[in-house]
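Next up, some structures in structure tokens.
The following pair of complexes shares a single chain, chain A, combined with chain B in the former and chain C in the latter.
Up next is the complex of A and B:
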């Protein structure tokens, strides 16, 4: 009994030394990839560009390198496949490339136009890569984006990540994580859309602007900022945006911050042709005005709401137009409503839907509200001595009214 | 096999006592007293080895020529008291006729002669010597084969002072001393109930240490009291110098790293244990009183939790649970994350750890072990050294070693933070023995984490949990309250309910949950 116990313990002790450490890696032996850029070369090879953070520049201690030192390192390698390209990286990287902290995947236009199925397969197959990575497409070369030195952050990828996070305030970019992109990609009826990233030519900064629409595994076309905002409306993902509209009374610009946005889509059939009615409901705050109109006056406010509604309608129509006649794909996802609301007829329609969509009748109604009138201030109006009296008279008129 | 036995054979609790000494002359000597004073005194002197502190004062009773003697130990017996209550009445102020018969004289002296509260008779030399050694004074008369023992204990004693190991912000400031009588008094003062039972027992063939089993009759479970008594009676040892000796003898699982007997030098804590129905064991010559049965969560409870308002008490207990977890697992988790699961660290933190680890020559696990050992050495040095030097040690330790080691790139800043956090957290656990036991668990966990990552930590924690679940202390589950709880027991757990809502005594200790009376 005791002998057995002794042997068991001895064996366990031995196993400690033979089994251990097989994937133990010290954290300082890793190269943390922060961003990945994927491009297609002239020869048809895949070129992968990684932006790696240099840890020493992230420490606060004085020994952590001079201020002039770049805190990131951009390297690229080529291969026939993504994995080969990545493995080729080991031929010149002094540390093991570690992917789990990757923030953003940027795909170059050439690659996107060609085929992205390989990218998606690799990125969801590899356990080290996360699905919560932002995905963006750039017109031009993706590797160049990662070399842009950001103004505030230490490395470009963190900057891109933060900029993508900031797009919720503008609504001018369709931001999407790899997991959501994959979901759309695998769905039978949805066309995936990714963010569009461009480098601003005049400065070293990058800019999130518009979006990229994919037809299965190929880039089908771009949407501009206006169309993107319309797309976010239709998908119910617009959380905030600024609408600049001309004042209904004197034409000078006003800005309205959207605080609530909702689009209700109903489908019906007009013979064989489906008809969609989009009922959009918007509410916003008046945040800036250049005109001197007094919007505490309800009549003026109603006019303003009308103007806002027509501006929003313009957005929605632009994206619908892009979908029906421009790109020619149902990327806003009207078919989901048809599928849901007309289950019985959907199966006969599904085959011819791409053609049918182009002929579909889409009617857009927008209702805009500017609640919280009580928070309105009158436009600032400096009262000079020579027209004090005029103002007083106006004020008294208002009171009597 | 032999090596195995040689190396680990001692682990088995020995049935036979190593210390047992067959040739003790004290216990085997049941020699009766002689009627001759000379012989008695000579025998006493011989048995005590003509000890330098033995006082034998021969005198004559009153104006008579009847010879007598007092024997006492200088320092143990209070000489003032002997002068005033024995020598003075017998030599100067004798108030009765001295009868002819010696036995008659003895009885009269016992009846009228000695104004002392506690006197008793003995017939054997052995008994006489025992009494002398406890500080009593022995009166021997010529022609009488009996001795009169007069209580005269009065040695130099440390006064009651604030306990150093368990200080409180709010709460009573008296602490136990090294004198058993003072300690029982401190408990009696708090529980003025005739149900408070103090049972005496002597342990240690040579030290003859007085041990008192204290419990509240009717509240404490009778089985537990009997078990405590049995275990104490079966202890065979030559000497008991501290209650720790007894603690090791009465533990259920001597091999467990977890302390199974709670100890305290706070009378209020012991009194509250008695009120809960637990049994206290007081040992002479030490201020540390043992309390059984003990469950695991008592080690995160401090007496102050009950004195502060219950919000504060509960909050502090939650903090202590956190500190307990941190002190056991933090270094292991740090190692697992930095050498296996880099993806689980938030990116900025990962980069900052990586930057601090750059150019550190050791792997994280080695770094943790080295720093952990250094920290324990510093802690130990700080305790043992005299106070003024102790401060110098902490300055050298913290500043010189900590700062310089980081600047020299031998250890990383992150590791210094982890080790410091761990060390400080372990001090937030009120029971020092439990805190030190944490080291025993921390090191294996660090090694497991170094080999297997989080999988190793979980394996280690599971093993600890399995061990804890099987542990029983005086018939009570060590993890009780977590594993099983009676009526109202959750009210005094990690969160302490207000006093006005705690009506019940814990059933796990008293046998059945009953209303407090």
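Up next is the complex of A and C:
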């Protein structure tokens, strides 16, 4: 009896607490932020632009609601700090801003050149935001990117997220999540790199092209697509890319799809100066050839492999040059190898690393293999015995001999 | 009003489940960040040191406890070291268990209040959780041990999900080079690890008399310690590989930040609440058994046999009060765990077993 009484009292007490919830957030009262743009204004304030999804338009039809209605709403607000700018949004937003579904943070160049530490601090502290959010920098104004209506997707942020996901196939952009960017930012000798996003002037589309390198909290410089591919090599993040190289026999373009890439980096000391040897190993498929060279001939294939190795070496050298003499920062992360392979020596020279890195000797060796020519056993050569093709084949065979 | 638990008996399997499920939840909560600040990328080695240390201490406690069948550490202390010093040690253990329980409750409340129920008042979460813990204590160690089987099953599911989610994020380079900062920081991290799991090791000496086959208690205890140790060490490695040592060291509650950084393919993401649900069972078992040990120790100092409602309510009020007063300010709580706690905890979890073993050997028991 006592126990029953106790349980009844306990249940009554508990019912006091379950009558409502402090944290209740009705879905129709929330504004789901899908993308954030951050810019610096002329007055030195922070301008935050949010792209908010309109859930009603998402549910109407697979193609995204009625034709006239946009699936998203873009709003901007300013403040001395990011948090103030966000709170200022409440003065005109009819719904409460909800960050948990944010996919991307885009930073405008002016803001990036000024200071990004506040951005990292705010977005890592906020428990609603996820550390998997993508980070990108745009040479223009970040807010403008979020206003672009994508061709295929319902909202710009989903389009940007998908484009970022697609960059694994191009190898032309260094994609990075907030957590990985932050790790490099906090690291003693590595400099963070973010994706570069640009809006294509001729259409509503955006493009992921190149990378943005930071020196601590400031944008230090840009990398083009070639340098970015070199960077992906060195970071071990190049899963696929297309290398367009001239045919070693007649100069016409060939497309080789990289299917495997690996770079082993070894470090040693030449007196006080560190020396790095990069041994890169690539394998690719011959996916397209405009020339008529017969690459089933092993000698021709060897020449093609050499040409591919040379093109890859060019990428690696271009990013190393950008790091050592252009931007002048060890953003490729050569210091990791020195740290791992000579940890005692590393702790002695860590303070001097920015200067030492510029003097470091970096030797690059590339070996390339083309094990497959996809489905073809011979070049696409019509049986009509076109004279031009004949001449080309003969010429290539002559060179081979 | 007497406790419903009359003659509690814990099977050896439940004993093993109890030991393992109380070992990992708090250390992954706050320990990860603290140890990363101490030992950087080698923090996981500190975790392994903590397990080794715990195994040694657990065997000492089982060995000494075996000399006093049917008696808890609080009961046999006066017999080994003398009446007054023995009672003083009992009081010290009581306070240590109470502090361990407070730490467990505070860490749970912080997880809830800082990540999931951010607008619910701290006091409300504390009161509700302490009520649940007290209800569990009231039902006694047998119920807690049964719950620990659920706890460890949930812990395994938790770890499996973390494993699946980290697969695409693993970066081995982040834990290299090994012994980067030398041995001293690792030893320091090992000390932190043991100070987090110290109260849980001493639980063995309190529940040993309840174990069904006492002669074979060593095996489940060792298995439980190893399993619990693997769970938290695996989590540390996952934190390092996914977030990196610097981000882990930046965070106050690194384990939640790891969950914020994970997803299983594109289909299961933002699963913090689900993971907390799995983690919760071990947390509840830990808070429950530590509170039970504090209540039991207090009663045994004064020769009281059965747990009574006044002791449970008083301990509950103390637990809630401590949490509200000392854990509401997260900086104060973190600074205490990161600083003085190691040095307060070390003499208790290491000193008492070693002291008792010494007396046991001197008196040739």
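Rule of thumb we're sticking to: the second predicted complex is superposed on the first by the 358 of 401 C-alpha atoms of A that agree within 3 Å, B and C clash if a C-alpha of one lies under 4 Å from a C-alpha of the other, contacts with A are read in each partner's own complex, and residues count from 1 in each chain.
One rule holds in what follows: a contact is a pair of C-beta atoms (placed from the backbone, for glycine too) under 8 Å apart; a residue touches a chain by one contact, two chains touch by 3 or more.
Quantities reported herein were computed from a predicted structural model and do not represent experimental measurements.
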For A:23, decide between first (touching chain B), second (touching chain C), both and neither. both
Tell me the contact category for A:124 with respect to chain B and chain C: first, second, both or neither. second
First, second, both or neither for A:32, with chain B first and chain C second: first
May I ask you to decide whether A:182 touches chain B, chain C, both, or neither, giving the answer as first, second, both or neither? second
Does chain B (first) or chain C (second) touch A:3, or do both, or does neither? both
Examine A:336 and indicate which partner it touches, taking first as chain B and second as chain C; both and neither are also allowed. second
Can A:325 be said to touch chain B (first), chain C (second), both, or neither? neither
Name the contact category of A:91: first (chain B only), second (chain C only), both, or neither. neither
Figure out whether A:42 sits in contact with chain B (first) or chain C (second), or with both, or with neither. neither
For chain A, what residues appear in both contact lists, the one with chain B and the one with chain C? 2-3, 21, 23, 100, 130
Within their complex, state which residues of chain A touch chain B. 2-3, 6, 16, 19-21, 23-28, 30, 32, 34, 53, 55-59, 61, 63-64, 98, 100-101, 103, 128, 130, 158
Touching residues of chain A toward chain C in the complex: what are they? 2-3, 10, 13-14, 17, 21-23, 100, 124, 127, 130-132, 177, 179-180, 182-183, 186-187, 336, 339-341, 343
What residues on chain C touch chain A, complex-wise? 1, 4, 114-121, 124, 128, 131, 135, 173-174, 176-177, 179-180, 242-244, 246-247, 250, 256-257, 260-263, 269-270
Applying the document's contact rule, which stretches of chain B touch chain A when the two form their complex? 1, 4, 338-340, 342-343, 345, 347-348, 350-360, 363-364, 407, 413, 450-453
